[in-house]
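Structure record follows, encoded as structure tokens.
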Amino acid sequence: MALALRSQAQKSPMPGFRLGMGITLTMLSVIVLLPIGALLAQGISYGPAGVWNTVNTPRVWAALYLSFRLAFFAAVFNLIFGTLLAWVLARYEFPGRRLVDAVVDLPFALPTAVAGIALTALYAPNGVFGSLAKAAGGKIAYTEWGILIALIFVGLPFVTRTVQPVIAEIEREVEEASATLGASRFYTLRRVILPMLLPAALTGFALSLARAVGEYGSVIFIAGNLPMKTEIAPLLIVIKLEEFDYNGAAAIGIAMLLISFSMLLVINLIQIWSRRRIGHV
Amino acid sequence: MSDAAFDHTDVVPGKWRPVAEESRTTRIVLIAIALGGLALLVLAPLAVVFAEALAKGAWAAVKSLGSRDARSAIQLTLLVAAISVPVNAVFGIAAAWVITKFDFKGKAFLITLIDLPFSVSPVVAGLALVLLFGTNSLIGGWLVASGFPIIFALPGIVLASIFVTFPFVARELIPVMIEQGRAEEEAALTLGASGWRVFRTVTLPNIKWALLYGVLLCNARAMGEFGAVAVVSGKIRGQTATMPITIEMLYNEYLSVAAFSMAAVLALLALITLALKTALEWRHADQLAATRRH
Amino acid sequence: MHIEIDEIAKQFGSTTALHPVSLPIPSGALVALLGPSGSGKTTLLRILGGLEFPSSGRVLFDGKDATGLSVQERQAGFVFQSYALFRHMTVFENIAYGLRARPRRNRPPEAEIQRRVTKLLELIQLPQIAKRFPNQLSGGQRQRVALARALAIEPRMLLLDEPFGALDARVRKELRQGLRDIHDNTGLTTVFVTHDQDEAMELADLVVVMSMGKIEQVGRPQDIRARPATPFVREFIDA
């Protein structure tokens, strides 16, 4: 690949192509491609039938279903709340707005294990919110609700950060035009603003989803980790590894990669479609 | 367009109201939902970390951080960040340079590959590293035999940290470098500057804030990574247990104050990262505006 | 519709965009607000359209006070300088927007919407572009679509902010006649803002020359040319 690339770039007077491409491809190979390749190779040597037999057990299906379902719900929540947050931050003036803007990024900066034990302390039956839930006869930590909250936490900033700059770029005249045509403010938001935000919001949704599907650190503390009930797919991989079942771990890893990539592919296609309609951005 | 649209007219008679904005009530309700949601979802967990750490007083918290295992974890985490962040910075600069200064086939594919770690679960990343470098593999077996084990040792932790932070620096640099184009570098070349000199005196000053921003994000993630490190480190107390791994071990042993004290250290680090990042954004808003969509 | 501007003034913070100005606009007239940037012409147009609220003074439509009417209630067809077309909608959907946005009880049935949009596309002589998106149109086509979209709501008046500002000279000349024809066909009271005195003089029945938030002179093009009322007007139309 590098050879073909070099001949094309040689026309450029800019220096550093060989060095830059050399570093890029070497690092990419050693850090990302070779390990992923090793994972796939393990799957191939195990054989499709082996992979399928590992995945096709109730416990693995339950874990995959749980991970993807809750990741999807968390991403949907973040899509709605994140868009609202972006709108409030981009459009409204209120005291402390810039501070709030900074706080949005906290889930990116806070290590997942820290978030995990903090959320557990909050939502466990003896925690601040957990005891409220208990008083109301419910339970949050060690149930799907707890996992959902952790997944919402880790994916929270994505949609806000992708949508906010797009809101800032909307011309006021477009909103005014809608009003002069007789549309109510709500109609304008629904039919003009939201469709303009959709491609960026979908990008944020996809990032949030991808993050939530693979999330481990913030979830295992609050999940309870009961097989068939609150056991997420990444945890199953860890369990298989601890049992030195490399084939089993690889099989689940490959299944997760395949499902993730096909989901992201679908989202990408929706995005390309909606972007083409809008023209740019 | 004039600034007219941004003018807030005070109370007016009739049904007239500012056109491109919501009513006062709607605004207040939306702000309340946003702030309430953030307080519940983000600030409450942060507050709990410090509350739990200080549950038995500040002295207990500080003392727990002075234990041998805690100190070893802190040292290891600093070491891992000190190795993986510069490596990623070099990679990020190289990748951004190649992608923005040259045209070649497969560029979009290369960008996709660089972004790949974002859509791979950290646990899967760790698993992949184990499969490549573990004792059972060809390479791993040979490395262990030659006395240079990767898995359950420092190199594995570093590799895992680099994997999960792989796209950070490149993603911050690419939009900024696209925006700045190639003209300045080309001008410097026509003036007879060497390639290295062009990079140092023209490119680097232009990208330094975005680079710092990327390095900050990369550092925060590298120090806090849990899933990938949990898989490759083997969690050997005092040897391969990073700070996040130590938090897990302490927490599982019901040493709440110790676990949360170490968590508080990482949370403080996160807050400092955020403060620096925000300061950067305020001071260099123009340049960073291009990157605010990761 | 007859429009009466009665002592309208507008401040933005400490800057005065409009000193109190008064102006009657006779029903069915084609009026140009002419002046350099910062003369207050766009502010006056936006106040007429209900996009801005005056600091003092009144606007009367057919003798009735319309100052407090919301932008939606004014039913003013407004064409923006940037056209402000909805990028995610086809030309057809753009034009139909105002009809679809009506509350259900006032909304025409779908067949009626189809019929009206088709008719408007014929009026602007672009019957073939219904399914295109705005980014697939030329500047001149966009301007005409914006005009059709404003006309679709059956406005009581037509307000245009620099309608030819974003076009090159050749297209500009062509579309001037287009606007004149549409005005003559519909008989709508039409006010447009321009900084181009040729455009104002050639197109308008009545030219209002503005400067520094004040009206310098109001008159028919030939009268303004023959007898400029102030040194500013003389200089501006000579330029």
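Labels A, B and C are assigned to the chains in the order they are written; within every chain, residues are numbered from 1.
Rule of thumb we're sticking to: a residue touches a chain if its C-beta (ideal position, glycine included) is under 8 Å from a C-beta of that chain, and two chains touch if they have at least 3 such contacts.
From a predicted model like this one, the values you see are computed outputs, not experimental measurements.
K.L.:
Of the chains shown, whose Cα mean is nearest the mean of all protein Cα atoms?
P.N.:
Nearest to the common C-alpha centre lies chain A.
K.L.:
Which chain has its C-alpha centre farthest away from the C-alpha centre of chain A?
P.N.:
Chain C.
K.L.:
What is the distance in Å between the mean C-alpha positions of chain A and chain C?
P.N.:
Those two chain centres are 47 Å apart.
K.L.:
Could you give the separation in Å between the centres of chain A and chain B, each centre being the mean of its C-alpha atoms?
P.N.:
Those two chain centres are 15 Å apart.
K.L.:
Taking the mean of the CA coordinates per chain, how far is chain B from chain C in Å?
P.N.:
Chain B and chain C have C-alpha centres separated by 51 Å.
K.L.:
Please list all residues of chain C that touch 2 or more other chains.
P.N.:
Chain C, residues with two or more chain partners: 50-51, 71, 81-82.
K.L.:
Where in chain B do residues touch two or more of the other chains?
P.N.:
In chain B, 1, 5, 19 touch at least two other chains.
K.L.:
Give the residues of chain A touching no fewer than two other chains, as numbers and ranges.
P.N.:
171, 173, 176, 179
K.L.:
Mind listing the chain B positions that touch chain A in their complex?
P.N.:
The touching residues are 1, 5-6, 19-23, 26-27, 30-31, 33-35, 37-38, 41-46, 48-49, 52, 87, 90-91, 94-95, 97-98, 101-106, 110, 113-114, 116-125, 127-132, 134, 136-137, 159, 162-163, 166, 182, 185-186, 189, 194-196, 198-199, 217, 220-221, 223-227, 230-231, 243-245, 247-248, 251, 259-260, 263, 266-267, 270-271, 273-275, 277-278, 282, 289, 292-294.
K.L.:
Hey, which residues of chain A end up touching chain C in the complex?
P.N.:
Interface residues on the chain A side: 171, 173-174, 176-184, 187, 191-192, 195-196, 198, 274, 277-280.
K.L.:
For chain C, which residues are in contact with chain B within the complex?
P.N.:
It comes out as residues 12-13, 17, 42-43, 46, 50-53, 67-71, 73, 81-82.
K.L.:
Would you pull the chain B residues touching chain C in the complex into a rising list?
P.N.:
1-5, 7, 9, 12-19
K.L.:
In the complex of these two chains, what residues of chain C are touching chain A?
P.N.:
Residues 49-51, 71-72, 74-78, 80-82, 84-88, 97-98, 101-102, 133-136, 149-150, 152-153 of chain C touch chain A in their complex.
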